[in-house]
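Labels run A, B, C and D following the written order; every chain starts at residue 1.
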Amino acid sequence: MFTTSILVRFGDLDAAGIAYYPNLVNFLHEALEDFFVGHVGRSYPEVFGGGLGSPTVKVEMEFLSPVRYGDQVRIGVVVEHIGRTSLRVRYEGEVEGRPVFRARNTMVIVDMKTFRPTPIPDWLRARFEAAREA
Amino acid sequence: MFTTSILVRFGDLDAAGIAYYPNLVNFLHEALEDFFVGHVGRSYPEVFGGGLGSPTVKVEMEFLSPVRYGDQVRIGVVVEHIGRTSLRVRYEGEVEGRPVFRARNTMVIVDMKTFRPTPIPDWLRARFEAAREA
Amino acid sequence: MFTTSILVRFGDLDAAGIAYYPNLVNFLHEALEDFFVGHVGRSYPEVFGGGLGSPTVKVEMEFLSPVRYGDQVRIGVVVEHIGRTSLRVRYEGEVEGRPVFRARNTMVIVDMKTFRPTPIPDWLRARFEAAREA
Amino acid sequence: MFTTSILVRFGDLDAAGIAYYPNLVNFLHEALEDFFVGHVGRSYPEVFGGGLGSPTVKVEMEFLSPVRYGDQVRIGVVVEHIGRTSLRVRYEGEVEGRPVFRARNTMVIVDMKTFRPTPIPDWLRARFEAAREA
């Protein structure tokens, strides 16, 4: 499984001193960016910049345990499902072995001119397949 | 149904020129804050400040249509379920009558000293009941 | 003087329960956006979208008093200086008459193709002149 | 000079595809946090958590060159001035040797109960002195 690690910053905290949950949703995107660099082999804006986009159409996220300042959140990224024009990715976050969140994100690949779904290019599909759950 | 309206700012956009989805998750919290001021009758930090907290344990959000700069997102807030120590809220976002997202958030009321679930105070439960789905 | 009002949200707070200062810098941009809609008469991305950009080259900001949850920050926007290709804007923030910050931002108008300074279009210069300090 | 490195993320970009300047102001705080961990030897919230706070009273920042997705911004942190109750820090950001920003931040050390200035504790002053400009 591809994994990356993201540090919890002061700006991620809320007034209760724990990570504000919308900021943890942002961690999912950061983990996806690392997945593109580290696994796909091209950066996210490089892939989704010219003509293609990948808007999120659905996100589900469970928060299992508080995330605190200075935590290094280790995030596993797994491709769960690859459709013709869509992709579902699962994220598993943990801090020192303690699960802190799990999430699922469905993206649709779109042509940015029309904002309509378009088939995932073959080269990209192959990279997603290689990160697919066994 | 309690509704509020939130303006999409330049800082909410991503490099594709549409609202970055973690920023829309933040809109849910802003709508909840408006619900506390406008419906509950006490501000969110006033209620969840002293000894009580309300960490989100689950969020699900579907993005139905792109949200753009300058959009006024009208957000309806409905209490879907009230447990002994938890609360599930539904959010429906639209821009000029066009649905742009729907979401569901489950919070648990906790004692901030122990971070353990604690019963929703009666006065607060009564306010949640009054915002419950018919 | 053009003035607007921005509400301090839960997500703007830091772990000490006051507004996190980089979020108040974002308030400057939000006030500028309101200035474009309310004074210039065209939205910020409408003006700086096609071929023109307005990168900030310098910002100075003094924080005079803590800003707290629920504060409505009233922000005055004054054009201090209009150069051939640049603009300096002053911001004055207050909460219920108490000054909370003052700031100055210098922007350069650039051609987005080359990212080089380009003269401010006459129609826009005229709008800036009309917001100039007496 | 203490230096750290911060990666520019998709969420840091604006609709023009370059880093949104309030997000770069946040980079200053992240660099300060790294300075506390790496140089001071105790984390920022550990030092400014219990009874002490360090509100920023002034920030000045110049943006010298656009910062783009995927840039690793190398940030140097220098203590410029240590007063009885205040601290001025300078930041120098560069991307592959190209200067992208320089900034200066003045903080006041306060007693969080009264929010009034309080002398910098000796042990902390000694750490700041050790990071002082030659």
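The rule we apply is simple: a contact is a pair of C-beta atoms (placed from the backbone, for glycine too) under 8 Å apart; a residue touches a chain by one contact, two chains touch by 3 or more.
All of these numbers come straight from a predicted model, not from anything done at the bench.
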*In the touch network of chains, how many steps separate subunit A from subunit C on the shortest route?*
1
_Applying the document's contact definition, name the chain pair with more C-beta pairs in contact, B-D or A-D._
A-D
*Look at both sides of the subunit B and subunit C contact and report whether the same residue positions are involved, with over half shared, or different ones.*
same
*Once you find the CA centre of subunit C and the CA centre of subunit D, what distance in Å lies between them?*
23
*Counting in whole Å, what is the centre-to-centre distance of subunit A and subunit D, each centre being its mean C-alpha position?*
28
_Inter-chain centre distance, subunit B versus subunit D - centres from mean C-alpha coordinates, in Å_ = 33
*Spell out, as numbers or ranges, the residues of subunit A touching 2 or more other chains.*
10-11, 13, 15-17, 20, 22, 26, 29, 45, 69
*Considering the complex alone, what residue numbers of subunit C touch subunit B?*
9-11, 13, 17, 26, 29-30, 33, 37, 43-45, 69-70
*Tell me, which parts of subunit C touch subunit A in their complex?*
10-11, 13-17, 20, 22, 69
*Which subunit B residues qualify as touching subunit A in the complex?*
15-16, 18, 20-23, 25-26, 28-29, 45, 48-49, 53, 55-64, 66, 112, 115
